[in-house]
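Presented below are the structures under discussion, each in the form of structure tokens.
Look at the two complexes coming up: subunit A is in both, with subunit B in one and subunit C in the other.
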Partner chain A sequence: MATVTLNQAQKTYPNGFKAIHGIDLKIEHGEFTVLVGPSGCGKSTLLRMIAGLEGISDGEIIIDDKVVNTVAPADRDIAMVFQNYALYPHMNNYDNMAYGLKNRGYSKAEIDAKVREAARILQLEDHLERKPRQLSGGQRQRVAMGRAIVRQPKVFLFDEPLSNLDAKLRVDMRLEIKNLQQRLGITSVYVTHDQVEAMTLADRLIVMNGGVAEQIGTPIDIYEKPASQFVAGFIGSPAMNFLKGKVSDDKKHVTVGDGVMLDLDHVVEAGRDVTVGIRPEHLELLKDGEGQINAGVRMVESLGAETLAYLDFGANADNVTLRLQGTHKFEKGEKLSLSVPASKIHLFDIESGQRI
Partner chain B sequence: MKRVQFEHSAVPYLFIAPQILIISIFFLWPAAQALYQSFLLEDAFGMSSQFVWFRNFEDVLTSSSWTRSAIFTVVFSVLVSVLSIAISLFLAVRADEVIRGAKSYKTLLMWGYAIAPPVAGLLGIMMFNPLMGDLYKAFNSFGFEFNHIENANDAAFIVILIAVWKQVSVNFIFFLSGLQGIPKSVQEAATLDCKSPERRFWTITFPLLAPTTFFLLVINLTYAFFETFGIIDVSTKGAPGGSTATLVYKVYVDGFLGADMGGSAAQSVLLMIMVSVLTVFQFRFIERKVHY
Partner chain C sequence: MYQSKWRIFTNHTILVLGSLFMILPVWIAFASSTHTREYIFQNGLQFLPGGEFFTNYGAILFDAEATKGRVTALEMLFNSMVLGLGFAIGKVIISMMAAYAIVYFRFKLAVPLFWIIFSTLLLPLEVRIVPSYEVVANLGLLNTYTGLILPLIASATGTFFFRQFYRSVPDELLEAARLDGAGPIRFFIDILVPLSVTMIAAIFIIMFVVGWNQYLWPLLMTTDDQLYTIVIGIKQVYNSLYEGGQIPQFPKAFALTIMASVPPVLVVVIFQRMFVKGLVETEK
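After this line comes the complex of A and B, so read on.
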């Protein structure tokens, strides 16, 4: 168990590219933190900085109470699970797990006990004598996890560990990782671009964009109160609808499209241009034409449990996505009438994208 | 299980015909010729010949010069292979770590590959020329009494030096591509598991390069056996007293210069047998251990 603290951690590459712009973060004992963001946002770089695989240009990385900026990766007492497993192909699975222990001078008996225990937890007992290439993708990822847990490190680092697995296995392994982490109570940092993984695994979520932490919070906080338009668009699937709007003179309404007035639940300065965000699942379909928002159906996707309708809204035919539970039948071009509760309307500054 | 039986046709045989033809003309026929000739005793002008069974082989195997040449060949081949593999591995590992200017640096290290063996031999022997060779002067000014014209070990040193130098660049290319074929994440996983870079090299990198090393061992032994002919012919010509003549070079000297066709043919048959045994040994016993 350990804490990980970042103080203004920065990374600048020799060519002048600034990958990480100064991140402050404290990860508590046993906390599962997920770094999420689009590719190139610096999330993997940040993870690799904690691991020591990338140097840190400025600021501090502290594990427990020790600044580890210049400590060798092997001495940081961390373990990492890589996207492509990174198993040693010439060793059998037993030796793959035992390698780190051997190099740290554990006795044969201790190593054997630890490896067998890890193999038992991960259901790999029958595969220890085999080479990694004789295993399936999911089993290989288990061996990689085994290699991480045998050492009982202070911190687990995961670098998109499930990206190479097929969809079903990914769900299984996701649950398994969560289970394992809770059982072992080891502080974990997990990098992913998959927001479902991010939402389900995280105790705390860090949404990154362009080397900056856009928002840090619990998954639900981030979903309900995204700090910026970027976060709002990134978290949630299908993505949040954004419309151009203007706050009305009475400060309690916002006008979108062809003068459609939506209620606000808080007061905003009158006449301000804003971006209005509405999640597809927060639009309510009304039976008769009483709703504020009227839009024509462009396309429908039926997923069984839910239906996604892509709508054209207003004179500019802005794209609006509607997400409904269950199955619905819509004709192409059919006019739908929708409403949205005031509490579900997000406003963002049109320039900075910050939440208003 | 039903075996799939394709319809017989001449097409597949036509496809392999050119290869078979080449092997027949350039390998099987000369080999058969050598085998036949090794049983004959011929006069120096090739006017008459006599079938003598294994007398040529007896002569060869009992002659001290052949035994000496065989021993030299083994020592020479092992030293050339081991040294050129070790040096090029070292260079490749270093070059792999270079990031800035890597391309030009690597190209420079590969240049030696473009030099033909006789040219390498010529360059080498000029550097050891007693009158103007810089290395000759340098060695002697350090107090070594270096004299390859008379001292067999010194002559062997020169031949090995040239042969290794010539081969390092070839090995370097293979090792470098082998190193670049090791996934970066495997190396990184190893940095988390093992602090010592030396230990990491011997436990992770080197085993992962083992197939490359094995391949190069085969290539280098073949090189030392056969392709160094050009180097020896240009540099020492087997001197002093045949002490730097490899078996191949001796075949040439005895057959073409000494006009002992039967003896030379017998030597080449023995060489063929040795190389076959070596190849079988390499593939049966070593290859199995290096592939992961």
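After this line comes the complex of A and C, so read on.
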């Protein structure tokens, strides 16, 4: 059983740059937590702080019930998988996996049993005598995971482990990681900038921005109720549409673009300027004249399974993306009639970006 | 790439001429070393080997009289070998450790210290040879192998090369090793040293040849014939070529020269293979 708790964990670099602004988090036993955010948001730093590769400037990091702020990485009982695998190039794969065990004084027989077991789980039995460079990227990443699981650590840390792989392999390995983590039931923290990876892997998602955890929750919660405009724009692909809007006098509608009125499902103070967020997949295509919104088509992208249309919402608005299932044929300039269910409209404060 | 016959022909001609230009003097020295001294004295340098190979080389190797001193060429070869190996191995070890400290440990003045070490590259050995002699003499290390080797084994060149190499080793390897429970010494021995094999081979080759070819330094540090290196031995033999009204010992002098050049050539040939193999095989 292992839990990871962060109490106001902070990181300030010697040059004064504050990378992490105090994060509170409790990761339960066996939970798969994903840290996601744009580059430079501090997600890797936070992971490395948990690993002990970066010091912690203030606050506490607790693994199980023990404060590990000053404990050496090797003594935290964690294992890490790196983006570029970080396998020892001069050792064969067997030795790569066995190295950590050797340093911890396991007997030859124990090491052999553990390495062979890990190799069996990861289907690496035929590659143990080879050097890492003789393997493909996916196999190398498996060796790196093998190196992590042989020690049966309390916590797995993954630092963008799939970003060096090609797209197809990434999907396969994603499933494999999820599978493995569930089978072994080891508490895991996973860093990625890829929101698809984040959504699919996470039991709990932490969206980070500028050293702050913008939102912590299950992937679906975050998708359905993004806490801020940043989160709303980051999670979901294609990204959420944002429009400038003004709440109407009856407090039940919001006006966007050239006077389009949208229903709201909750009351907001009248006349307030807001940012309206609508996901591309929540715009519904209706028969002519039936929708609240009429917009012209600027461009169409057909992906087969779905069709993306970029719409003109009038002079005061950016392009709005529409995502439809299946194939649709639209002419350029064709007027579409659309509507949005009130429950799918997100409102954000125009200043702070917080959800209203 | 397509190459015309004419082009191949010219390329090879240039290569063959270049090789001949390099090899011919050595060959003449070798051929001339296998004749009697009377024959050389009368007929000049020879292109074809004579029949005195074993006599001349045997005398040089085992008979101190032939080298005009109290030591045989065999003993001088041994001294040179000690100097060359001690010099090269010492430099590799010291510079690896110095570079390790500079690259991987955060301590005050690490950067200025590195540049101080680096700036000593500007000072050739000859500049500091007198003070170095003084130090060695005061330590009572004249005429010892220690005195011959120890003052030379700090190497700015080696430190610089290893520093550059270590900086190119990805940080993740260090981090992975830290997570695997390897301390600084384990990391150095288990990870860094095996990764540096090519660098070690390269620096070893260079330093061995430099050490082997040292002339001024052993000349100053040793007054005892027993510690003469073969490079000094050659000089001694040439000095005595015209002494005593005898026919000059050209063949034996040539034989000594040839013998002096064999070990460095062997080291280069043997280690270069490892060097190239390492270049092909290792990947950071």
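We adopt the following convention: the second predicted complex is superposed on the first by the 355 of 356 C-alpha atoms of A that agree within 3 Å, B and C clash if a C-alpha of one lies under 4 Å from a C-alpha of the other, contacts with A are read in each partner's own complex, and residues count from 1 in each chain.
Criterion: contacts are C-beta pairs under 8 Å (C-beta built on N, C-alpha and C of every residue); 3 or more make two chains touch, one makes a residue touch a chain.
From a predicted model like this one, the values you see are computed outputs, not experimental measurements.
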item: Fit or clash - subunit C, subunit B, common subunit A; value: clash
item: Partner chain(s) touched by A:90 [first = subunit B, second = subunit C, both, neither]; value: both
item: Subunit B versus subunit C as contact partner of A:356, first or second or both or neither; value: neither
item: Contacts of A:261 with subunit B and subunit C, given as first, second, both or neither; value: neither
item: Partner chain(s) touched by A:100 [first = subunit B, second = subunit C, both, neither]; value: both
item: Which superposed partner A:78 touches (first subunit B, second subunit C, both, neither); value: both
item: Touched partner set for A:212, first subunit B, second subunit C, both or neither; value: neither
item: Shared subunit A contacts, counted only where both subunit B and subunit C touch the same residue; value: 51-53, 72-74, 78-80, 82-84, 86-90, 99-100, 103, 147
item: Parts of subunit B lying in touch with subunit A, wherever the complex brings them together; value: 183, 185-186, 188-196, 199, 203-204, 207-208, 210, 292
item: Contact set on subunit C toward subunit A in their complex; value: 170, 172-173, 175-182, 186, 190-191, 194-195, 197, 282-284
item: Residues of subunit A defined as touching subunit B within the complex; value: 51-53, 72-75, 78-80, 82-84, 86-90, 99-100, 103, 131, 147
item: Complex interface listing, subunit A residues touching subunit C; value: 51-53, 72-74, 78-80, 82-91, 99-100, 103-104, 133, 147
